[in-house]
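Note sheet for the following structure.
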């Protein structure tokens, strides 16, 4: 008996759930969990189906392709461990939370490697017996640096890249190499305070709450599809530094939750939005 | 074209989603929203299906009964306006929020009547052109008082009874007359601070958050199936009265949200718990 | 025995708390609550002191003026009931919450009048025996309309103006007439989604939380000093309308809380920020 | 120039703030932050004063003792680094968060040692170059085991003991040795679900939110003064294990925040409650 997840993303039509679940039934697969959503504005149907049984992937997918509309995107993925590469700069908290969660078994993922454009976090990573690569950007053009990064990344063939406070802007060509595969944590409640130093911006504006946003990286800085957000209260007595410190706990927990959702195949991207089946 | 909601609650089995959605498809009904949940501990399957189309209730239900396991509970309910009767004592906030939400169209329900064991809130209710009945408990035994209440309640044939800070304990025989039809708001984060004066209890214990709980009423005081809960932060500078005042906003919004969920047929009760499809 | 609140806002210096509390002690006033804050960036000191006793305002203030630095702003205000005028357009929820809270005694304020640029909410207001003025903007230039509004407002001599979903932009000259006296509720988590239709903007952006912001009105639209903010979670299944509906509860509770804070003299404005002593 | 914190806990009286701040002023100390609270029920005054300057502790305290009422408890503590010993069993998350926060400088405390009644977490602790002591309870009576623990604890002379998911009940004599010095994290929103397996209890009860509580340890299990609490939403689809997993993030952040508050000398204990100056 295996466990797999069927992900269907197609134009909406009558009877889609019946068709898909029928095919699963015919294949003697047990549906242990099912979620659907129809975006009426765009006439798009999304379904995530957890299946248990003995799989013949080829015939199952063929049956689905026969039954479903044109322009259907469907994937059948084993419900197993995925592999990530983490990119960092100097701040430890977001990386540290993922390292610790893997260590204690709370996050079931293989951290293939961590890459830093500084070597600051090398010692931390090595404590957990995970390879750390220092790929400095100094003296390199942005494309040169990214070429170096890609060489290391690709050597690990990760399912996802996680930017755990990686403080470099990525070029469209880097992003294009990993479409919907790069998850970033931004230290503000987007779309507030895009760009540099959001805590300073929040402090200057005098907001009463600050937040963090995990999103897929696209060509537009801090404009990618949002996966998860959270906030905390702040007050006038807090400096920009106090806010940054308090914000770290939000950043790390939002990034970890977003990563878990992605790893569990609960996130569909369409347009510049996400469907997240919690 | 009509809109109805099919609610299925049955022993778990393979192919249930396929069977149900097939039957809907055969009846040319469009599924606009669907939620399922399987409670593995008890082997129980729950499904809520929003349907659009032209309904032949009898044949649809007959087809379902043929296909589904024994001991299935299924209901097909029109997605329409329901009727409630509200029971109150002296406090206005929970009642007021429902009155205002109905007035502004935020809550689509018919408030058939409000019954108070004091007449304190009569004037408020009458502002909204809703009948108010003062059914005093004074000089009556509990069964006598409840008999009076039931007479008024039953004259309106409501779908649900809402206890909007009704500060009387109901007897098992009253509760039995409206099974899973009585919604109460308790002014604590249950199971903390069961019984009288929960804000005083919270103050004495020195908690840092207080809350409110909406639940179905059963024979056991404050022990019924929980529908919705929420909390807010409090601190040492707040008296028990300050907590009570701050708590009112939580109470009213929890009750309104719970009521909305019940009216939308999103809540299944099983054992002493609820399945809530949000 | 009276209760008054002393509000001090002055350049920071050594010994300010000692000086102020000494003077209060000399005047045999009991401090029942005290809050201070020093903004180190701007060298500014803020203090709110709740006092009990028999007051000689003139000598007390003279003593304070002798002791405190130049450029001190200080006020001694009776801890009593204030008077507000509420401006509305068509939406009932924010107004309704204030009406209900006054009715039930949860908010201790005199609602002198409600003014609407439509007459939609007149019936609601009259239920609570409060004067409603319909001051239509139709056929009038903005300055003409505001002149009409000011005539009505000023006839009531309110302490504060509350914009409870008043959907008109105010001109600088109107705002200048009531400096730091106009409280607005904006239906987004500012500075996200400034301007029109923030729920639509939030929906388009695909955020996972929405919020509301109460702020003082200044010349710059939605840019005034923030008093209070709050948020709730939303998801992909919610339309812009669903978000608007869910957001109403946040809007009304944020506005009510902000109003309470202002009425309790807990809010200092400096620059474009607030100090809020909770 | 030094920074110290003056903590005053005394019977309430007129002029206390004036007296204390006067003495500070006379000693040419600058108050950089000040908080007071009066518990009217018990006539008790609490004040926390952050001071900057050159200190003569002896004369300062003597002056205060002259001026303040009988039965005053006052402490003048350097605003510096404190030392803790952490007790653990097998779960890593609460310990891991403290280790990581110290490593990254987010929590300014010296972890003198970690003691486990199992050796499970030894490897994690050693990654951070902190001594780990395995003090097994096997084959020992409770008093014998605690005697062993105390031997190790006392050898480090810590300011506080942190129970980071230490799953043993402590005897009154152990607790008495460290009065108001032992901080525990309980994995429920107390007073709900006291005792063993609170996530299982929460699951059985069908609550819609779960939480965590940091408190000082007293003789009564899970009944000590609460320092900090937080909650998250859960739903019917979560098993007791899912809740436990989701709860870990709450537990660790509540414990870290409580620890920070205690280390910053922001927490007074009186009776079975705390005053927390945030």
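The chains carry the letters A, B, C and D, assigned in the order they are written, with residues numbered from 1 in each.
Following the convention adopted for this analysis, a contact is a pair of C-beta atoms (placed from the backbone, for glycine too) under 8 Å apart; a residue touches a chain by one contact, two chains touch by 3 or more.
Nothing here was measured: the structure is a model prediction, and the numbers come from that model.
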Please name the chain that ends up farthest from subunit B once chain centres are defined by their CA atoms averaged.
D
Centroid spacing, where centroids are CA-atom means, of subunit A and subunit B in whole angstrom:
37
Computed distance of Cα centres, subunit D from subunit B, in Å:
40
Multi-chain touching residues of subunit D, meaning two or more other chains, are none
Is the chain-to-chain touch network here best called a line, a ring, a star, complete, or other?
complete
Touching subunit D in the complex: which residues of subunit C?
14-15, 17-19, 21-22, 24-25, 28, 30-36, 38
State the interface residues of subunit A toward subunit C in the complex, per the touch definition above.
37, 39-40, 189-193, 205-209, 211, 225-231, 235-237, 239, 272-276, 278
Subunit B contacts subunit C in the complex at 91-93, 96-97, 100-101, 103-104, 106, 124, 127-128, 245, 248-249, 253, 256
